[in-house]
Every structure is written in structure tokens, then in C-alpha cells.
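Common to both upcoming complexes is subunit A, partnered first by subunit B, then by subunit C.
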Partner chain A sequence: MNTLIAIAVLGVICLLAEIFNLRKAIVPVTIVGLLAILGMTVTEFGTTGSYYNNMIKVNNFTVAFSSLFIVLTIFLVTLSHNFYQEQVTKISDFISIKLFLLAGAVSMVSFGNLAMFFLGIEVLSIALYILAGSDRLNMKSNEAGMKYFLMGSFASGIILFGIALIYGAVGSFDMDMIYEASNSATTVDWFYIGVSMITVGMLFKIATVPFHFWAPDVYEGAPALTTATMSTLAKVTAMATFFKLNVSMNGNMKFEYELVIVIVSIASMTVGNIMALRQNNIKRMLAFSGISHAGFMVMALLNLENAAGSLFYYTVAYGLAGIAAFTVIMYACKGKNNEELENFNGLGKRSPLMAMILTAALFSMAGIPIFSGFFAKFFILNNTLQAGWLILVIAGVINSMIAVYYYFKVISAMYTKEATEEAQKVPFEFYIVAVVAMGLNIAIGLFPSALMDLF
Partner chain B sequence: METILKEIGVETYLYLSALLFSIGVFGILLRRNAIIMFMSIEIMLNAVNLMLVAFSTFHQDASGQVFVFFSMAVAAAEVAVGLAILVSIFRNHGSIDIDNLKNLKG
Partner chain C sequence: MDVTIVLILLLIGALATYFSGNALASKVALFFSVAALGASLMILNQFNQGIDSSFSAVWMKNPNILFSLKVDGLAIAMMLLTTLLMPLIILSSFGNNFNNPKNFYALVLFMAFAMVGTFLASDGFLYYIFWELSLIPIYFIALIWGNDDMVERRKAVIKFFIYTFVGSLFMLAAFIYMYQKEGSFQLDKLYALELSSKEEFWIFMAFFMAYAIKIPLIPFHTWQANVYQKAPTVGTMLLSGIMLKMGLYSVIRWQLPIAPNAAKELQYIIIGLSIAGVIYGSIVALKQKDLKKLLAYSSLAHVGLIAAGCYTLTVDGLRGAVLQMIAHGFVIVGLFFAAEIIFRRYETRAISDMGGIRQQTPKFASMFMILVLASVALPGTFNFVGEFTVLYSLFTKNLAFAVLGGTTIILGAFYMLKMFQNVMLGETNAKPFADVNLTEGIVMVVIIGFLLFFGLFPKPIIELITPSIQEILVHIK
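For the complex of A and B:
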């Protein structure tokens, strides 16, 4: 609970620093503050509690995911300093919006009441609409912001309708009451309609097929750092929240609902991978790859009792690999108007370390051993097998083989094609973030039990 | 208030708000003017507010009405951001027709 308050206060401090003309101090102070908050959050591990009339509940699940969100935000804030170099007068806005986004993410994962859930998802979404449209003189960014806004608020409306129906059936927004209602035989039909509508809205937010069509456009148009935020932090948050919602609303999941999840999962993996094959823009390619990863993450819902650990492991692996990949993309495409694959030609000679980091990140996403992406897929498929969905496991394995092809397209561009321009100096922050993110990724690949046994 | 709800029945309110919600959904799917799409989003959110208030009276529980305040505040913030994006589109492009936004595809 203190985490949430501290993050919001840090965001306000950022805004105040602008008034006192302390722009240079904003990024370092924010990083130090976030590290302190991370320490405070980790010490809460192992305790459980509920605050403010059960509005916020703290347990191991929320502490683990909140820490992951804070770590991802630290990386994103570190990259901000260089990324917003030309808009340095607005740096306090960008950083504080990221912090408020983090506050939304933390309240989304630690809610004990549907009101808190709704506020969290809206704070996160509104912050992302602003960031997606933040490059306001660029037509592409405007378009991305508008599309994301329309799709996002449409999804929010559907979620709100679902919440209202659940309230009508249960008579309370409290998650404990809702859990009892979901297990009782006398619950009226509105409840199940409400659960379905919340499911549809959440599938919109995590961008799974058939609700994925906004993702590639928005990912391509938004500024690169915002795309990194959306594809790591926002997707991971929405997935963790969706899992938590299902645990309390759908404890005795019906076979029909499981079937829907299985179909959504297979469709997301297949459509995401096949569409990614023909993309020439790396942000668009990673958007489709994110859709297929969402398909993998959704599998965790089929085994609600045991899959929390593997879902956490998967989100950590995916988030860290995503941060590392986007750091290199920001470096390679700096000062250019597009993110086409040609920008990566000869990167292996121009900047060997950055090329190596991108290769490692893509290997991790493709699921090649040593990197944690492999173990993440292994654990989550193992859980699915326990739940008895063999067909889904087969589809997952086939899809991870397809995925290798388009990841290798980037890698071969970096190492086999001739460079068209001279090397640029790699900014210091990019080095740090890329190396630390990839190092953590490999470290959890070597010691998976450190994260798997948390729950 | 409770007697009125008993005479009319809570289902009637449900039908009305579902109807309003559908009008909002179809407005977003069919209309191409950004302002009208924003209004459709507002209709969707307000349909839900109506339903929350009706259920709140039905259950004799105030939390539904408190939730309406949250959702109104959130809707206002959301539309403020949407209008800001719309203004920057209008400055760059000179029109607010959604069909002009075709730069991103593939």
C-alpha cells in the first residue's frame, strides 16, 4: 500500500521540480526514488494485509508483480534522458506521466475492490494515450494516439458495463463477495454476462486475437520509448490483472470458458506469428510478436492454481528481453523517421555489443536455451499439459518454431548485410540498460527456481 | 424511490441502459466524424452510469452511486485527453475525419 502512495508522491515531486527549474535533477532523483520504493516493496514480501476497507490487498502475488513493474519503469526512466534530449523542457511531464502510469499499474495488480481495478486500468490507459500521441508534430504519432484512444476507451466502456452487471448480481464491488458469488449456485445470469464482458475488455488491453487489430498501428506510430512501455509494462500489467480477476471471479471455470481461452490462445499465436513474417518495420514486427506472446501468456489461465509462478516467470523474461531489444532499436533508429529493417544493416560491425544484445533479446523471445525465454515457454507449456490441453501445447511448440524465422531476419540483416553509414557513439545510459536487462534475463534463465518458488 | 423501482421493475432500467450502450457502440463503429465518436463513447459510459444507479437503488446500497462519481471523473479525464489529441490532428491535417488517418498500415 505504501508503494502506491510513494509512487504518486514521486510523480508530484517531478512536476514540482519543473517549477523550481531543477530539470537536470529529475531523472537521477526519480531513479533513486524508484530504487528506494523497490526496496520498500520487496521488504513487504511474505506479509499479507488489506487496507482502506479492503480496497487494496497485499500478498506475495502483488508484491512480486509490483516489483517487476518498478524495475521495468526504472529502465524506461533511465532511457528517457537520452530519448527526450530534444524536448528537454518537457522532461518533467514525460517522467511524471510514466510514474503515474506505474501507480495505475500497481493499483491494477493490488486491487481488492472493482472500483480500484477500474481506476487503475484508467490511470494506466490515459497515461498511455498521452504518451502515444506525445510527438505532437508527427502525423504518425497523432494517428497512433487517436487510434489507441478510440480502441482503449471502447474497451474501457465494455469493462465498465461488465462491472455494472457484476454489481447488479452481487450487490457489492468487493472481490471477496464476488468470489463467494462466483462459487454459489444461486448467482443470477447477469454475473456471467458481466464476467464475459470484462474478459472481452481485458483481451482488448492485452491485444489478443480477435481484439488485436489496434496493436500494430499503435506500436508503429507511437514514439519508440512509448512502444517499449506499451509492449513491456502495459502488456505485463494487463496480463497479471487478468489472471488475478480470473482467480477471484472464475474460480470454478466452466469448460466453455476454457475452450474460449484455448481458441483465443491458438489464434493469437498463429495470427501473430504469420503476420510478423511479412513485416519490414521492426516495431510492427515486435507488435505481432507481442500478440503471439500474449497468446502464450493467456495459457496460464487454464491452470489457475499452479500457473501464477510460471506466469510471473514468463512476464519477467518477456519484459526484460523487450526492454533490451527496444534499447537497441532506439539506438539504431535514432534521428531517422522510420524503423525499417534497413537501419539494422551491418549493425554487427558498427556496434558489436548492441548487435549482440539485440541478438540475445530476440533469441530469448524466440525461446532458445540459456536465455530465460526458453524456460518461460517450457514452464507455461508444462502447466498447460497438467491442465490436460495437449492440443494447445502442440500449437505452442509449432508456433515457437515459426517465430524463429522472423527473428532471424533481423539477425541476418545485422550480420550479413553491408553497413550503409558510420557507427554512432552509443550513449552511456543505453549501454547500462541493455547490458543490465540482458544480464538479468540470462541470470533468471540460469536460476529459474529463484522466481518460480515465490508463490 | 424504492416503490417506483418496484412498480417499474429493475429490468426496464437494464433494457434502457443496454439500448443506450448499443447506440454508443454502433455510433463508434459506423460514424466517421471524430467528435461524434467521442459523443458515442460518452453515451456508452453514461448508459453504464444509469445502470449502476438503478442497481444501487435496487440493492439499497450506496457504493454503486459512489462508483458513478469515479466513472464520471474518469470519463471527463479521458475525453480531455482525446480532445487534445484531436486538436493536434486538426492542426497537422486540417480535418477531423477519421478516414484520413491512413498512414499506418501493412
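For the complex of A and C:
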């Protein structure tokens, strides 16, 4: 609860800093503030609480995911300083929007009431709409913002419709009441229609097949830092929320629902990977790879009792690898209008460290051991098999094989093709973010218990 | 002192090499590889005194995974194979100039670390991690420091990576499945696991995919020749000398005892496949114009025979296989090094451009001759001990196997001696051929010495490995 308030206050401070002409202090102050909030959040671990008539509920799940969101935001804010160098007059807007986005994300995982959930999802989405279109002189960015807004608000509408139906069935927005209703035999049919509609909306936010069409276009058009935000923070948030929603309103999941999840998962993994094979733009490629990762993450829903730890591990691994990868992408594509793979030619010679980081990040996403992505896939497949879905495990394994090809396309371009241009200096912040993110990724790969035993 | 010391030395060695800078890298790498050799000899000494140097610690509680390394005769033999070959391989590269030597040697040592880990691990999950980890360094070694055209090389290397990665994912799936049944990845628990015949079949096949690609057996061998040719010689040595043996060792350590009934059922088919590989490899080797490719196909033929020995499921078959693994490891490293020595002087790998070298350097010619003879398993060399034991075990299974498998010696003699004739004999080559220098000489002499010594006196190795092979056979029976 305090986390949420503190983040919102920090966002307002950022806006005020502009008035008092303290523009230079914004990024450092935000980082320090977020670190303090992170510390505060972590100390809440192990406690549970409920605030404002059960609007917000805090438990270990909430605290763990909130901490992850804060860490990801710290990385994103650190990168902002360099990324928005040419739009320095707007830095306070950008940073405060990111903080409000974080506030939305935190309220999405800590809701105890569907109203709060919807509030969170809208705060997060609106912040993302703005960020997607924030490069306002660039046609592609405008297109991305518009597309995302139209499709996203449609999805929000469906979620809202679902919430209304659930309210009609239960007579309350409170998650505890909904939980009881979902377990009682007398629940009316439209409760399940509501659940299905919320599922559709959430699957859209996570970008799973068949609700994925927005992702490649929006990822490609949006400014790189926004793409990084969407593919790490936003995706992870939506996934955690979806998991939490299912725990409380879909506890005794019907076989048909499980079947839908299985089909969505297989379709996401397969379509995402096969489409990614043909991409020449790295942002589009990572968009499709993100779709396939979403396919992996939804597997957690099949084993609601045990999979929270695995899901958390997966999201951390994926988030950290994503941040590291996007840092290198921002460096390699700086000052260019595209993110084509040619920009990476010869990066191994131009900037060995950056090439090494991107290699490690892609290794992690491909699921090669010692990088945490491997353990993430392993844990989640293990849980899925525990739930008895052998076919899904096989599909997951086959997809891991396909994925290797396109990740390695980038890696071999970095190390074997001739560089077309001179090396640029790597900004200091990029170094820090890339190294820390990848270091954390490998550290949790070496000590997976640190995260797995949290729940 | 437990066995982790070897792993730690190699890992620290890799880091130290990376940070020591380009000028010192090769020497630091050599130092740490020798240190690792010393440590593994110490482990061997402890083992002979009856001290158990195994190591086990909890890595993760949920899922239940241990960081456990098991030391028995077989593991020690394979660890020693790696740590003995490493200094030789590193020393053999002293005549080459690599870009970024610090990265190169760090990767080489890291690969040694992963391979030793694979041989020692007794937790399925840990084993899988080491197994995969060894793939990353060789990918970069072959890709960045390889030879020939870049586009071709990239294709060959990525094919290799995807092939082996795909194969091992099947193995991972099998491990996860067994974990669901047993709740542990520990080797002894998996040995004891009761599986229905259908489950056993699929688990056996999943392991088989991983190992058949790594060894490689036909029809999964298509990556091999190209990668051997494109990789730098150090990479080829690592691949053919040690990495192939990971696959063969894993057959003995993991596949056969975990799925013994499926192994018995499929035994004849797989021995048939392996022997088909022997004949196929030998015949294709006859036709090769590139020296490295010829050696690659000869390697395919030899490992086919080793695999056939493993799948006989007899003491002799397994023992012969392990002996031949060690012998083949040394001889193939020696032969690839000889090819490299020629390349350093003539800048070619085409056999037709060579010839008449013996007139200029009789010393090198005799060393090369001994290696060629060892490779065709002439009595008196270590390869004879291994190959003969394997053939004997095949004979006990089926006469046809032994006869067909025996063609490896005949065909091997044919293509190897023909190659020797074309490369070393004939009229004196117009191009000058400098005599072998000191480091080259040391590597060759050590390899030849090893092969001859244990060819005449194989008892210590046989005594080292036999008890653990018998223990494994108990699980198979």
C-alpha cells in the first residue's frame, strides 16, 4: 500500500521539479527514490494486509512482483537520461509517465477488488498509449500510438464488460466474494461469461495468439525505450495479474478452460517463433519472440497451486534479459531510423562488451543453461508436466528448438559480418544497466532457489 | 580434497586467461590446464588409496536438485582424458596466431570445464547443464576463429549448434519426465526407477537423439565433416578428441542403465546403425581430397565401432569402448595436429598439393607414420587393445557384426595408408618443409609415447575402469 502511494508521490514530484527548474535532478532523484521504495517494499515481505475496505491486498505474491516492477522501472528510468537527450525539455513528462505506469502496475498486482484492478490496468495502458506515440514527429510512432490505443481500449472495454457480468452474478466487486461464488455450485452462467471476457482482455494485454496482431506493429513503431517498457514491464505485469485473477475467480478451473489455455499457449509459441524466423527488424523479431514467451508464461495457469514461483522466476528472467537486450539495441540503433539487423553487423568488433551482453541476453531467451532463461523454461515445463499436460511440454520443447535459429541469426551477424561503420562510445548508463541486468540474470541462474522459495 | 578442485581450477583458469590480456593468455591457459591435470592426478591417487572424492551439495530444494559429482574409475578415466589432452591441445596451438587470444583461450578452458563437469555430474539436471554449457564455447571457437569462407562456415556451425541443441532438448524432456515420477534427478535414484516398457522405449529414444547426434551415428552425422573442416584445429581437436566422447560416455553412464530393457530390445538395430556408420565413414573417407575431412570421416568410422561396442551390453564391449574412446581421443588429436603442422608450412589442406615431405623431414614422417598405424589399430598400440576388445564383444553377439565391424581395420588401413602415401611419400616436394619445432615435437612425442606405453601395458587403465563398468552392468542386467 505504502509502495503505491510513494510511487504516485514520486511521480508528482517529478512533474513539480519541472516547475522549479530542477530538470537535471529528475533522473537521479527518481532512481534514488525508487531504490528507497524498493527497500521499503522488500521489508514488507512476509506480511499480509488489506487496505481501504479490501481494495488493496498485500501478500508475498504482491510484494515479490511489485519489487520486480520497481527494479525494471529503475532500469528503464536510468536509460531514459540518454535516450531522451534530444528532448530534454520533456524529460519530466517522460519520467513521471513511467512512474504512473509503475503505479498502475503495482495496483494491478495488489488489487483486492475488481474496480481497483480495472483502475490499475487503465493507468498502465494510458501511460503506454502516450509513450508509444511520444515521438510525435515520427509517423511510425504516431501510427503505433494510435493502433495501440484503438486496440487496447477495445480490450479494456471487453474486460469492463466481463467485470460487469461478474458483478451481475456475484453482486460485488470484492475478490473474496468472487472467490466464494466461483466455488459455489449455484453460480449463474454469466459469471463464466464474465470470466471468459476478462480472459480475452488479459490475453490481449499479454499479446498471445490470437490476440497478438497489435504487438509487432506497435513494437516496431514505438520509440525503442517504450518498446522495452512494453515487452518487459507491461507484459510481465499483465501476466502476473492474469495469474492472480485466475487464482481468485477460477480456482477450480474447468477442463474446457484449461483446454483453451493449452491451445492459446501452443498457438502463441508456434506462431510467435515461426513468424520471428522471417523478421529482419530486431524489434519485430523480439515482438514475436515475446509472443512465444507469453505462450510459455500462460502455462503457469494450468498449475495454479504450484506455479506462482515458477511464473515469478520466468518473469524475472525474461524481464532482465529483455532489459539487457534492449539496452544494446538502443545503443546499436542510436541515430538511425530503423532497427534492421544490419545495424548489428560487426558489433562484436565495434563494442565487444555490448555484443557479449546481447549474446548473453539472447542465450537466456533461447533457454541455454546457466542463463536464467533456461531454468525459467525448465521450472515452468516441470509444473506443466506436474499438471499432466505432456503435449504442452512437447510443444514447448519443440518451440525452444525453433527459437534458437533466429536468436543465433543476430549473434552470428554480430560476430561474423563486417562492420559497416565506426564504433560509437557506449554511454555510461547503458554500460551500467546492461551489465547489472545481465549480472542479475546469471546470478539467479546460479542460485535459482533465491526466487523459487519465495512462495 | 574433493573433485571440485579440478572444476574450480579450470573455471578460474578461464577467467584468469580472459583477464591476463592477449600477450599472456596462451601461457596462463597452459599453466591452468597443467594445474588441472595435476589436480586430477591427485584425485586418481586418492581414488587408488580408496578415498572417495565425490562431492554433493544441495543446489535447489524445489525442484530437488543437487550439485553432485561422482567419482568412480570410469569418471576418472574420462576426466584424465580431458585434462591430459587439454595441455597438449593448448600447446599445439602455440604456433598459431589468433585474433584476441585471451577470448580464444578463455573459451577453450571454459569448454574443458564444461566437459569435465559432464563426465563427473551424477545429478541429471547438473549433467544436462554441463552438457549444454560445453556447446557455447565450441560454437564461438568454430565460428570466430574458423577457416575458409565466412558464409559457408556460418552455415556449417549453426547447423551443428541447432542439431546438437535439438538432440539434447529431447534428453531434457526425458529427464523432466523421470523427475515427475521419481522426484529426484540423482543417478542412483534414476537407475532404480521402475518404468513401463513403453516409457522406457521413449526415454531411451530421447537419450538416443541426444547421443546419436553428438557421437555422431548415421544418419545424424551430416554436421560433422563440415564443422571439423571449418573449425580451427584446436576446435576440431576438442570436438573429436573429447566432445564426441561425452556422447559415448553418456550412453554408458546414463542411457543404458536407465533404460536397460529398451536397450536390450533395440540393441541389434543400433549396433547395425553403428556398423553401417563404420562402413559408410570408411568408404567416404577413401574419396576425400581434403586432409581434415578425411580424418573427420575416419573419426566417424571409429566412433561407430565404439558405439557398437557400447550397445553390446557386455563387459568386454563396454570396456573395449572405453579403452578405444581414450585411444581414439589421443590418436585423432595427434592426426589433426599433424594436419595442422603441414598446413602451417604449406597453407593447404588439399592432399593433392602435398607429397614428398618425408624426404625433407624424416622425423615428422616417422611420427606421422606411427600415428597412422595407431589409427588403424596395429598391435602394440593402445588402439589395438580397444578395437580388438570391441570386435571380440561383437563376435560374442553375432559373427556378422564382427566381420562387418572388422572391415574398419581393413578399410582403415586402406585409406590411411593411401593418405600417408599421397601426403608424405613420392618425389621430394618443391616447397620447403621446415622440421618440427620444439613445441610441436613435445606434443607429438607425448601422444605417441602414451599410445605406445599403454598399448604394451594397458593393465592400469583396464583395472581403473573395470569395476565401475561392472557396477553399471549390474543395473543393466
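To be clear about the criterion, the second predicted complex is superposed on the first by the 455 of 455 C-alpha atoms of A that agree within 3 Å, B and C clash if a C-alpha of one lies under 4 Å from a C-alpha of the other, contacts with A are read in each partner's own complex, and residues count from 1 in each chain.
The rule is simple: contacts are C-beta pairs under 8 Å (C-beta built on N, C-alpha and C of every residue); 3 or more make two chains touch, one makes a residue touch a chain.
Note that this is a predicted model, so its numbers are computed, not measured.
K.L.:
Should the superposition on subunit A be reported as showing a clash between subunit B and subunit C, or a fit?
P.N.:
Verdict on subunit A: subunit B and subunit C fit.
K.L.:
Scan A:Val260 for contacts with subunit B and subunit C and give back first, second, both or neither.
P.N.:
After superposing on A, A:Val260 lies clear of both subunit B and subunit C.
K.L.:
Of the partners subunit B and subunit C, which touch A:Ser153 in the superposed model: first, second, both, neither?
P.N.:
After superposition on chain A, A:Ser153 lies in contact with subunit B alone.
K.L.:
Of the two partner chains, subunit B (first) and subunit C (second), which one does A:Leu22 touch, if any: first, second, both, or neither?
P.N.:
In the superposition, A:Leu22 touches no partner, neither subunit B nor subunit C.
K.L.:
In the superposed arrangement, which partner chain does A:Lys140 touch: subunit B (first), subunit C (second), both, or neither?
P.N.:
So A:Lys140 only meets subunit B here.
K.L.:
Is A:Gly221 touching the first partner subunit B, the second partner subunit C, both, or neither of them?
P.N.:
A:Gly221 sits against subunit B, while subunit C stays out of touch.
K.L.:
Touching A:Asn281, do we find subunit B (first), subunit C (second), both, or neither?
P.N.:
Touch partner of A:Asn281: subunit B, not subunit C.
K.L.:
Which chain makes contact with more of the residues of subunit A, subunit B or else subunit C?
P.N.:
It is B that touches the greater number of subunit A residues.
K.L.:
Subunit B and subunit C, closest CA-CA distance after overlay, in Å?
P.N.:
25
K.L.:
Using the touch rule from the top, collect the residues of subunit B that touch subunit A in their complex.
P.N.:
So the residues of subunit B touching subunit A come out as 10, 14, 17, 21, 24-25, 28, 34, 37, 41, 44-45, 47-48, 51-52, 55, 58-59, 61, 63-64, 66-67, 70-71, 74, 77-78, 81-82, 84-86, 88-89, 92-93, 98, 101, 103-106.
K.L.:
Along subunit A, where are the residues that touch subunit B in the complex?
P.N.:
Result: residues 115, 118-119, 122, 125-126, 129-130, 133, 136-137, 139-140, 142-147, 149-150, 153-154, 156-157, 160-161, 163-165, 167-168, 171-173, 216-217, 220-221, 279-281, 284 of subunit A touch subunit B.
K.L.:
Considering only the defined contacts, which subunit C positions touch subunit A in the complex?
P.N.:
Where subunit C meets subunit A, its residues are 59-63, 125, 128-129, 132-133, 135-136, 140, 143-144, 150, 153-154, 157-158, 161-162, 165-166, 169-170, 172-173, 176-177, 179-180.
K.L.:
With touch defined as at the start, can you tell me which subunit A residues reach subunit C in the complex?
P.N.:
These residues of subunit A touch subunit C: 309, 348, 363, 368-370, 374, 378-379, 381-382, 385-386, 390, 393-394, 397, 400-401, 404-405, 408, 412, 415-417, 448-449, 452-453.
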